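What follows is chain A paired twice: with chain B in the first complex and chain C in the second.
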Partner chain A sequence: MTAEKKTVSIYVMGKQSEVPYGVTIMKAMEYAGYRFIRGCGCRGGFCGACGTVYRKPGNFRLKVGLACATMVEDGMHLTQIPFYPANKAVYNLEALEPTLGTLLKYYPEITRCLGCNQCTRICPQELPVMNYIATAQRGDIEATAHQSFDCIMCGLCASRCPAEIVQYNVGILARRLYGRHIAPRAKHLAERVDEIRAGKFDAELDRLMQMSKEELQKLYNARDIEQ
Partner chain B sequence: MHVKAKDLDDSTRAALAALGLELTELPEWTCCGAVFPLAQDNYMGMVAAARILANAAKLGDGRLVTVCSFCYHVLKRVNFAFRNRTEARNKLNEYLEEHYNGEVTLLHPLELIRDDVGFDVLQDRVYRRLKGLKVACYYGCTLSRPAEEMGFGEPENPTIMEELVAALGAEPVGFSWKTKCCGSYQVLNNAALAADRAQAVLEAASRQGAHVIITSCPLCRYNLERLPVGAAGKGESEARLPVLYFTQLLGIALQLPATTLGLDSHYLDALKEARA
Partner chain C sequence: MYTPEMLRLIEVVEQTREKRLQETFPRLTAEEKTNLLRSYHPDYMEGAMRPLKIGPNAGEKLPHAYVDLFESRSMIDADGLSLDDIAYDVDVLVIGGGGAGTAAALLAAEEGADVLLVTKLRHGDANTMMAEGGIQAADKENDSPALHYLDAMGGGGFYNIPELVRALVNDAPLCIQWLESLGCMFSKYPDGTMNTIHGGGTSRKRMHFAHDYTGAEIMRTLRDEARNRGIKVVEFSPAVELIKDERGQCAGAVLYNLETEQFLVARAKTVIIATGGSGRLHINDSPTTNHYGATADGLVIAYRAGAKLIYLDATQFHPTGVAFPEQIVGQLVTEKVRGLGAQLVNIDGEQFIYPLETRDAVSSAIIRECRERQKGIPVPSGYGVWLDSPMIEIIHGKGTIEKELPAMFRQYIRFGINMAEQPILVYPTLHYQNGGILINEFAETQVPNLYVAGEASGGVHGRNRLMGNSLLDIIVFGRRAGKNAAQKAKTVQLGKLTLEHVRRYNEELAKQGLGQRVAPILLPDYRGKISG
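Right, the complex of A and B next:
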């Protein structure tokens, strides 16, 4: 009977470490003695702070994952790219028009796209990155907003782009333009805001504020829970 | 096409639909690159067009139609490379992780109309004969050359647009600048040079008595229409002619509403005046 393998060998920036089998890259690195000051955020696969690139032995293909959500594998060579220098436009959203001209004014480099598709290949969220740059090039802000919606701003696309496009910042500009200037306004929200301003809920809030901790707990436990 | 050349997009779809030809837009597409690489081994410059072709091969009936002269030029030449150049085919397929061998047939709408409708049939379907209208057909430099790769008729004297014009009842006029360059992207580097080119095209067409110039390229149209007045600094040109897309002229002959053709009323007025 062979002994169960309990550790794997990984190479962090070239330095070999024996780490427990079955843990995430982030936990393995901490086990090996690394301490995260940057490049670590939610630890739940959402914030995009811990973008990591790696290769496995015998495979030329560059792989990516979030360190907090990707399991270590034996022989993995990895490094974190938690930040990538990016051209980040500053603008007053209220004053912008949702047009191709606006996208080109702040990010003229989108027209340099060569169509190499490396951004799409690297995206840990598996977004159609090259395609949303193509839709941005033709001024389809709504499509760019929708296709980039699940972007976690990890920046790995920009790290691979030969045209030096910062795809994730183009995406967020498109989503902001869409949300502020294109998407239909929610009527019910405006009505509710008016009701709040008119004081419709003041009495109820006052009543809650006067309650003791026990009364609040009782009320909380008896709340309606959506199934 | 969706923004800067919306009138070309709209008029192409409307005119072809009126002839029973429905186009389906590719669900995903990128810019083709707009310039075919001058270096034979610049495969990076061919990747975008190669992907568009490989994706198109998986959809529809194997035919891909594009109306912009640059798109047609680049896609056709990349497709030619897939069919005829082993190294290009292998390199591009390896990079794209595809198995494309040039199966797509790339068509210009002029070819689609000729092959699927027929200019003789079109002649009977025209509601408003454009009798008396003299039309200069401007191909520019990218539709017909290089001849072996483009296969668009005589490289210096293609005639497919003239055949369309004749079917519409109008009179095509020959002119010496019909396959010369309009100045193209030099409009960005050297606007005066492009303006001189555009001016020469307009004058050559005007000398032959043309009332209107038609083209299939957004950049040709931009240069012909905008440059001779402004950038050359020569003031209003005497040889100023309305410049339309061939699809707009086709739409007029098919009596489609001007709004579906992206036509301002001043074009229609100019045409009426020309034929009066």
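Right, the complex of A and C next:
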């Protein structure tokens, strides 16, 4: 099943390169001789280091994608946006209340959202970005937390926002407020922590630590496995 | 998008699915497992290793890629570089901005230390960010740290260092609680009970997760907290050598600004290495799941400074790396896919291994199925076997994959494959550095005032780490390293700075006719190639 050996032309910041068809922008740029310092992190769609904007000939639309997860296309003109200056509020999470007031105190600009939907259109994770800003405006922290959960903080939304909102920083504030102050604490976890602090398991662990490999192996092979 | 031939083969998998849903493949006996590993695990392959000629571990056999690094000379001219020009002067220097480094920095700051975190890429561009599956902790009623201890030991082949495993399992619930208090959004039931599942080699369901963005959720939370606490971070400035003082204490590092190409001196009373793993060395020419910066830098500089290595010859291949489509070959298919019930299936639609054996065993079984039994499915890069992901939707209900595995689902959908309806093709991929720099339970090395935490360290996981114990390791030992290094810094008196150890290492290399290459390599070089 030999795939057809085709190449395509891409233009990295205006410079033309002939690269194999069917590879990601990241691998194509490397093939063309680039060695990344910025613009490359996880190489797998998790870190948001590789936000890329591009246009195709004869199309006015500005397109966007992660260089590590977007395939090259013939005629693509591209540049990476590996960094975008962002406003990040500094707070003491413990002392905050999970309210609209808190969101507005740190990111008052969310009220400036024009509803232009640029952010949602551009998000490479296809998140409902405008929506999670709308829920934030209403103080619905839980909804903002869940809707923004898959955000990889690539910064592309903020680069397009006419209201100068840094959506992903609003998202993480909402998520941390939710995780710390709204989601109920795990009771079994707190109890286990108390038990450990009280030394409940120390003797058993001491005993295991003294065991020979053979003794441990026996115990291991005989252990029952939760279904 | 699958080829027509692959689509035809998928029909075979569909035909046996109903029957397989009722079927549990028998687990390996201890003896079968040993034989399987001996015959098929890449660690045992002829010619994959050679003895190291220099340093504290001289004489030990390691994969060529590591030996090449340790037998390389320094990037810097140890006589020419002035150590008087000090760019940063702090109590605690943390090298590496992944999970272990960030946890260490937070704890050191909490102890009142003046902390500097330096990192090679951006803060958070790290293997931690990529972890999907989960983090272990024995915090349910039917579980205990002792059971966790036993699982970790058995998984590691009983080679793990007992004191380290004890620290790991004992601190686990404390660490999960710490993360919870920082606002990490673990997947929970409405009453707050943690949603936990099995991972390979666990005897209890103790894998905590945050959908399949567990590592990302931990990493971005810790990073946000570090920013809130005002911890100083310098990005794109990897450490390329440790600095000692005349008394032999570790006393800082030489940094290299990747953008301006300048060397900078950072002096510190204590130093923590948290530089992560080494997948980008492509041991055995294998593709890898690791991030761009996983090049074993920390091992190289610590080794030159006299730290000892342990179990670096044990490399973890993740059984389920992407085998198709080509664009994402080698990337991870999280173990959670098997945890949720997907089976591994050959070209005839048959199971050939219990899906949740330890990783070394599952990897070996896949290699055997493809190489010896010729029951793999041909893909452009070689072979793969099916991972029958649609079973998850049958077992747990429609929509489960998109809800529980959004990152995975998205990764495939981008290339025209719907893993909720079609099985996916997988093959083992280079995933984790089981060994590393030897530490004790205080995260100390044998070099005074040098600490190590996370994937760069060795001993915690023996020769094979279980899924979910690494995210745990980085928090447990990151915290321990940060706290201990900060406390120690209070009493440290530094003498005159020196790179004498580097000079001597270079001399020794020259004497043996080694040192043609330069290390650390900092970043892989894929120019003119299509990388794995």
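As a convention for this text, the second predicted complex is superposed on the first by the 190 of 227 C-alpha atoms of A that agree within 3 Å, B and C clash if a C-alpha of one lies under 4 Å from a C-alpha of the other, contacts with A are read in each partner's own complex, and residues count from 1 in each chain.
Please note the rule applied: contacts are C-beta pairs under 8 Å (C-beta built on N, C-alpha and C of every residue); 3 or more make two chains touch, one makes a residue touch a chain.
Just so it is clear, the model here is predicted, and its values are computed rather than measured.
Engineer: For A:221, is the partner it touches chain B (first), chain C (second), both, or none of the two (neither)?
Structural biologist: second
Engineer: After superposing on the shared chain, does chain C or chain B touch more chain A residues?
Structural biologist: After superposing on chain A, more of chain A is contacted by C.
Engineer: Just chain B (first), just chain C (second), both, or neither: which does A:137 touch?
Structural biologist: first
Engineer: Should A:175 be classified as contacting the first partner (chain B), the second (chain C), both, or neither?
Structural biologist: second
Engineer: With the two complexes superposed on chain A, say which partner A:7 touches: chain B (first), chain C (second), both, or neither.
Structural biologist: In the superposition, A:7 contacts neither chain B nor chain C.
Engineer: Is A:17 contacted by the first partner chain B, the second partner chain C, both or neither?
Structural biologist: In the superposition, A:17 touches no partner, neither chain B nor chain C.
Engineer: Pick one for A:113: touches chain B only (first), chain C only (second), both, or neither.
Structural biologist: Once the two structures are laid over each other on A, A:113 reaches chain B alone.
Engineer: Give one of first, second, both or neither to describe whether A:87 is in contact with chain B, with chain C, with both, or with none.
Structural biologist: In the superposed model, A:87 contacts neither chain B nor chain C.
Engineer: For A:153, decide between first (touching chain B), second (touching chain C), both and neither.
Structural biologist: second
Engineer: Within the complex, which stretch of chain A touches chain B?
Structural biologist: Against chain B, the touching part of chain A is residues 100, 111, 113-117, 128, 130-131, 133-134, 137-140, 162.
Engineer: Would you tell me which residues of chain B are touching chain A in their complex?
Structural biologist: Answer in residue numbers: 1-4, 28-31, 33, 44-45, 47-49, 51.
Engineer: Provide the residue numbers of chain A that touch chain C in the complex, in ascending order.
Structural biologist: Spelled out, the residues of chain A in touch with chain C are 1-3, 20, 22-24, 27, 30-31, 33-38, 40-47, 49, 69-71, 88, 90-94, 125-126, 145, 149-150, 152-153, 172, 175-181, 183-190, 192-193, 196, 201, 204-205, 208-209, 213, 216-217, 219-221, 223-226.
Engineer: Sort out for me which residues of chain C touch chain A in the complex.
Structural biologist: Those residues of chain C that touch chain A are 3, 5, 30, 121-122, 124-126, 129-130, 137-142, 144-147, 149-151, 153-154, 158, 162-163, 166, 169-170, 173-174, 176-177, 180-186, 188, 190-194, 198, 203-205, 210-211, 213, 215-216, 220-221, 224-225, 227-228, 230, 236, 258-259, 289, 291-293, 326-328, 331-332, 378, 380, 406-407, 410-411, 414-415, 523, 525-531.
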